[in-house]
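Quick heads-up: structures coming right below.
In the two complexes that follow, subunit A is the common piece, with subunit B as its partner first and subunit C second.
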Partner chain A sequence: MWSWVLHRITGVGIYFFLLVHILDTALVRVSPEAYNAVIAQYKNPIMGLGELALVAAIGFHALNGLRIILIDFTGFGTRHQKAMFYIVLALWVVLLLGFAPRHLMHVFGGA
Partner chain B sequence: MTDNAATAIDNPRSTVVRRRKGVNWEKWGWVYMRASGVLLVVLIFGHLFVNLFAGEGVTQLDFGFVAGKWASSFWQWYDFLLLWFALVHGSNGIRTIINDYSTPPTGTGIRWLLTPHGIMKTALVVSTVVLLTLGTLVIFTFDPCPAGSPADLLPSFCSVAR
Partner chain C sequence: MSAATVAYPAETDVADASAEAREDAPPGSFTITLIIRRFIPEIDEEPRWEDFDVNVFPTDRILDALHKIKWEQDGSLTFRRSCAHGICGSDAMRINGRNRLACKTLIKDLDPSKPIYVEAIKGLPLEKDLVVDMEPFFESYRQIQPFLQASGTPDRERHQTVEARARFDDTTKCILCAACTSSCPVFWTDGQYFGPAAIVNAHRFIFDDRDEASQVRLDILNDKEGVWRCRTTFNCSDACPRGIEVTKAIAEVKQAVLRGRA
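This part shows the complex of A and B:
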């Protein structure tokens, strides 16, 4: 049940980011200045933490989505759905351990 | 107890399968969510790796970075596929969620439209079509060296071409 709740919440969250992201990218057709001004906002600390949350949400949705697909199409997946949920959580932690330090250094490193 | 003709009831687990005629769109939507999901894992992880992890991560993003990528038709088509697969997958997911939480109105036409369900469905379709069109135009009409822009904001190959 919780995997379903999280899948739904992360799906909606990523969706609204995607709507905004298509619009901010469209600014490359307005002018380099307009695009750079808006993209600069992505580099401030608050947005930096937002990007970490976004990657966390996408990472969960993607891994759990693959789990759903295995459950739907394979008997193995259906039998081991619970174990696979813990595998999803483990892979998700590994993903974030790989991404977070590097990303936080870029955001807070002052480079 | 013995059955006679008047009280006999059909076995509910009848072996006769009644199907509606026509394409089963709901089934193909279900298949699409799974097929596009597999593709999106590859496309999104590649997208995040190149833009947010490799190089200087988020700090490298600017007009010149985008111009450098879209100078190659590989990245134009890559981003085109990402746009369409992700937005259609997401919108179809939102459609499912709207169906789950709001009751479809019984009326048709304007009576259908002026209900929470009708408004949300219309907004969903309109925003999806507008953003797919906008995004596709942006990718394929992109000009990496717009006239009159300061050279330091443009990719280095602009000054060579002039």
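This part shows the complex of A and C:
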């Protein structure tokens, strides 16, 4: 249940990111200056936290997606779905532990 | 205790009645509070929660508590039950937020110090108190043709190997209680979805090598409201009182659809 809820939320979140992302990237065709101006806007702490949320969402969605593939296409998947969910969560935490401190240093430390 | 534990208005005369009952309560018994979602279409516009204090033994089941309420406190309380032994599938309900059979849920397996919430299963039209209209559920069941379809009329039994029988053994255990289908968040929002129970019963015949209509059922379930609606939330597997691995059965049907054969 919760794996599904998280999968939905992260999925919808990623979708809206992609929408914005396509728009801002398309701006470069309009004028490189406009593109630069928009991208410069992103360099603030709120966007920095947003990026962390984005990476977290994509990380979970990707790992849990692999879990769902195993559930759908293997004989053992459904029986071990709980264990696989905990593995997904563990890998996710490890990934975020690697990413978050460095990223936050960039955002807040100016390093 | 009854009125204090809930924000909903309590029936005071009900609480009084159970206070009297407590005085000559048999040893080993104790009082629990059941908070039941009532809906009497002639009286209520909206469902409401009503709490009842009942004297029970730890080995009693929720069904026993419901009986006590109906027989001793409020005869208007309405619920379905038939066998009372987990085989007819009449009394699936939401107990503390989980779909369970009332006749298989022991008081001691819940936390009797807290009120126990009981409500009708979700996703099917509410008719009265704990009774829902099961017709949409049975309609999906009928659609997957839940009967053996084999050509010829043999004059003795149709033989089957132990291995062939084992393929669908799990799904023969279904009692059509609807606990699975009504626990499914996809079904809650999309009543057209066949639902886990229909797929379980299709599985029972799709993987039966005596049956010749597997392909028909696979085509039926290859619908947009068929197996592909399943988002593997596993609520159905958790809910099934027969311990059927429901999501596994659905996954097997999905794979059979992709393969194009059982």
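FYI, the second predicted complex is superposed on the first by the 110 of 111 C-alpha atoms of A that agree within 3 Å, B and C clash if a C-alpha of one lies under 4 Å from a C-alpha of the other, contacts with A are read in each partner's own complex, and residues count from 1 in each chain.
By definition in this document, contacts are C-beta pairs under 8 Å (C-beta built on N, C-alpha and C of every residue); 3 or more make two chains touch, one makes a residue touch a chain.
What you see is a predicted model; the values in this text were computed from it and never measured.
When both complexes are superposed on subunit A, subunit B and subunit C occupy overlapping space and clash. Which of subunit B and subunit C touches more residues of subunit A is settled by the count: it is B.
Once chain A of one complex is fitted onto chain A of the other, the partner contacts of A:Gly13 are absent, as it touches neither subunit B nor subunit C. Of the two partner chains placed by superposition, only subunit B is touched by A:Val107; subunit C is not. In the superposition on chain A, A:Asp72 makes contact with both subunit B and subunit C.
Shared interface residues of subunit A (contacting subunit B in one complex, subunit C in the other): 68, 72-73.
Within the complex formed with subunit A, the subunit C residues making contact are 185, 231-235, 237-238, 245, 247-248, 251, 254-255.
Across the complex, subunit B meets subunit A through its residues 34, 37-38, 40-41, 44-45, 48, 52-53, 56-59, 61-64, 66-67, 83, 86-87, 90-91, 93-94, 97, 127, 131, 134-135, 137-138, 141-143, 146, 149-150, 153-154. Across the complex, subunit A meets subunit B through its residues 8, 11-12, 14-15, 18-19, 22-23, 25-26, 28-29, 31-33, 35-36, 39, 42-43, 48, 51, 55, 58, 62, 65-66, 68-69, 72-73, 99, 102-103, 106-107, 111.
The touching residues of subunit A, counted against subunit C in their complex, run 1, 3-4, 68, 71-73, 77-79, 81.
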